[in-house]
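Below are the structure tokens for one structure; questions will follow.
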């Protein structure tokens, strides 16, 4: 490069540094991006996180194991049940608890319902990031119906604290299966319409196709997971590769796209909603009778050791690692959130793109700051 | 575990010598403990050797046992679907560990977090040596490392810029 | 027992406080712009009124009074109809988005806009400390005045037109270009990086789309042989342009519509105020009445562009049974609804795609349409 062309990332007097956030319409939470712009082009971007850091890991480590479940609600607040599942599994593994079969089905059903709710948020906010405001409201209408259903079962709309070590807090209310089926019938029809609104829109396509391409090698080396990894053509879904709970008995497809661009990640998530609906129906159909709650010790003191769970949250691999020293409180609770890892890729993806593309790429990673900052 | 994996582990034992403190296999999970000096070499071997191929940076975190720090690298192989837990124990005084960001770029932020919360120096990290760039979850001017067992929260007078009293 | 009186700290200068002298200055600036506009309007070459002019009958033939009254009427109309348009837009958006829209103030929220306007009027007047104060204050008027001026030539009927200017189209083109001056001033004057990006985008966009829009309008001029908007409507007596000359006028209308959307900064061309990228673009720092002026200008331009489309392609005020201005209103609102429909459906283009679309597709297409119209006039019209 000559002296007239400064290297990418090098700062010149024509650069403009913008702080995108922590208050900005499209950072989806309190994320701050320090962006150096050359006109419309992004020269460098440094995410600044931690605005939502509450020390959840330390707080969980300061209490008995089973009291840490409510904290996980505050990790990925768009999909609390999936976080509940991750911590419950880790605690069950370290304490050697068994989960009754019916509870396993109930868990899978709840997690998939939450996955749909979470992907609907993605669908809506992504459309808003690209500039289409109407899809946002449609997505939230469906999510509202879903949250009503979850509220009818768990009593909460966002922080459920419902999947607990040993099972789920209680069995389904009467007539719940019919209500869920009725919702799914309507939802799948609506989803096709919403999908058409965006997917068949040429402007949406030119904004997302070929933008923010992540190669499969790069996705793996950066530890990407979930739809980001599958959008890059890597067929890894922990519900398949390391199945847990009732997932081994479920028939579903893992959507994979090879393009690796924003559109691929979007399409993977939309297809996952359909597959989630399929899994929920199977759960309701095949759910055995029985207990929703396994036998549990009164005082929970697992032997010294370590255990971890790996679960497929809507955003990717959510894994929780527990270290026990034989006392009632864990030594360390470690939460590995997918959003944290995806956000760490952002600065490489946005280098040299335009501002609008940066927003599109950030949106397609679908980060939740509660999980990033913990 | 497959034959190439056994061969790769033998090669690792030979290469590291005393650096490999323990190596065991339980239920498809490879558990390794290495000396901090051998960490980078071991990590590179784990990623590249046939039969191991731990190409996916699953997780990296630390904990404080009270006497020393334990750093765990959870690795995964996307092609062979196997997990490795690579463990390093560090003395509290001058705890430092080599960066593996050059091996797995995905470890970058995890390493920053380990520094941020435990004060373990990451030698060779792109931002190493500059605490304001290494800090990730806490404000860049934070003093102390709050996940250490001996961390005492003190109220600095400014609730926005400093540790607060817990009770 | 009584509490000791609160001792308040002495007020300190915050940079966000109201400067009385400056408010007066800004009023003066507003009045000056208004006066200048009226002066321009009255200095237009005065024409013999070929048609019966109600204003002429009512207020006599004194040119200055005549001009003043007309200017006032147009200003009041623009201000009032925007209140209705904003309500319509919000209701329309609500209808498209499966919600109700404003419902509480007045019948179905019809008075919501007035409540909002009152709120904006009463807001604190904020000028950022480090803004370029002159530009910051003048910018809202600079964007609003050209829009106001264009209403001078918009024919609501044969007689309901403030100035039946024989070079009406030229006047419209000349005046609307100045809107970009205001947006650029707002973007630069606010001393905000988002505003600057928004202002730069707005300027590039408006200037680029002006060209195909002008060429599409020239196609109509070629067809009609006149630049007077009333003459163009009168020539459509035997069939709207878009029907009578469909092969050339439908493409011309489409180009006009697309460019109109771009000129109005509406999706898919809302890049200057792209919310998800630039927060609010060039008017990020504006609040209160200054913000209202941008809003006013935007909606007035919306109505005007729709009205121009009706005049050029849909036979203006022509229509059976109903009075002419009502026909004009119905048609214009229909075109406005089309704008709204597009706005609430499609996402936003990227800046390079926006420019590429204009220069690579619309400009050549508009030239082709223009040439085709010339041929059409030669061949089909003996």
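Read from first to last, the chains carry the letters A, B and C; within each, the first residue is number 1.
Keep in mind that, in the parts below, a contact is a pair of C-beta atoms (placed from the backbone, for glycine too) under 8 Å apart; a residue touches a chain by one contact, two chains touch by 3 or more.
Please read all numbers here as calculations on a predicted model, not as lab measurements.
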When you draw the chains as points and link the ones that touch, which shape shows up: line, ring, star, complete, or other? line
By Cα centroids, which chain is closest to the centre of the whole protein? A
In whole angstrom, how far does the Cα centroid of chain A sit from the Cα centroid of chain C? 44
Cα centroid separation, chain A vs chain B, in Å, comes to 24
Centre distance in Å when chain B and chain C are each reduced to the mean of their C-alpha atoms: 61
By the touch rule stated above, which residues of chain B touch at least two different other chains? none
At which residue positions does chain A touch at least two other chains? none
Counting only contacts in the complex, chain A reaches chain B at residues 49-50, 53, 55, 57-58, 218, 220-224, 234, 236, 241-242, 308, 310, 317, 319, 321, 323, 325, 331-332, 334, 336, 340-341, 343-345, 348, 373-374
If you look only at chain A, which of its residues touch chain C in the complex? 16, 18, 24-26, 37, 40, 127-134, 137-138, 141, 197-198, 201, 203-204, 206-207, 354-357, 359
Chain A contact footprint on chain B (complex, rising order): 55-59, 61, 63-65, 72, 74, 78, 81, 104-109, 135-139, 146-147
Quick one: which bits of chain C touch chain A in the complex? Just the residue numbers, please. 93, 96-99, 193-194, 196-197, 267-268, 270-271, 274-279, 344-353
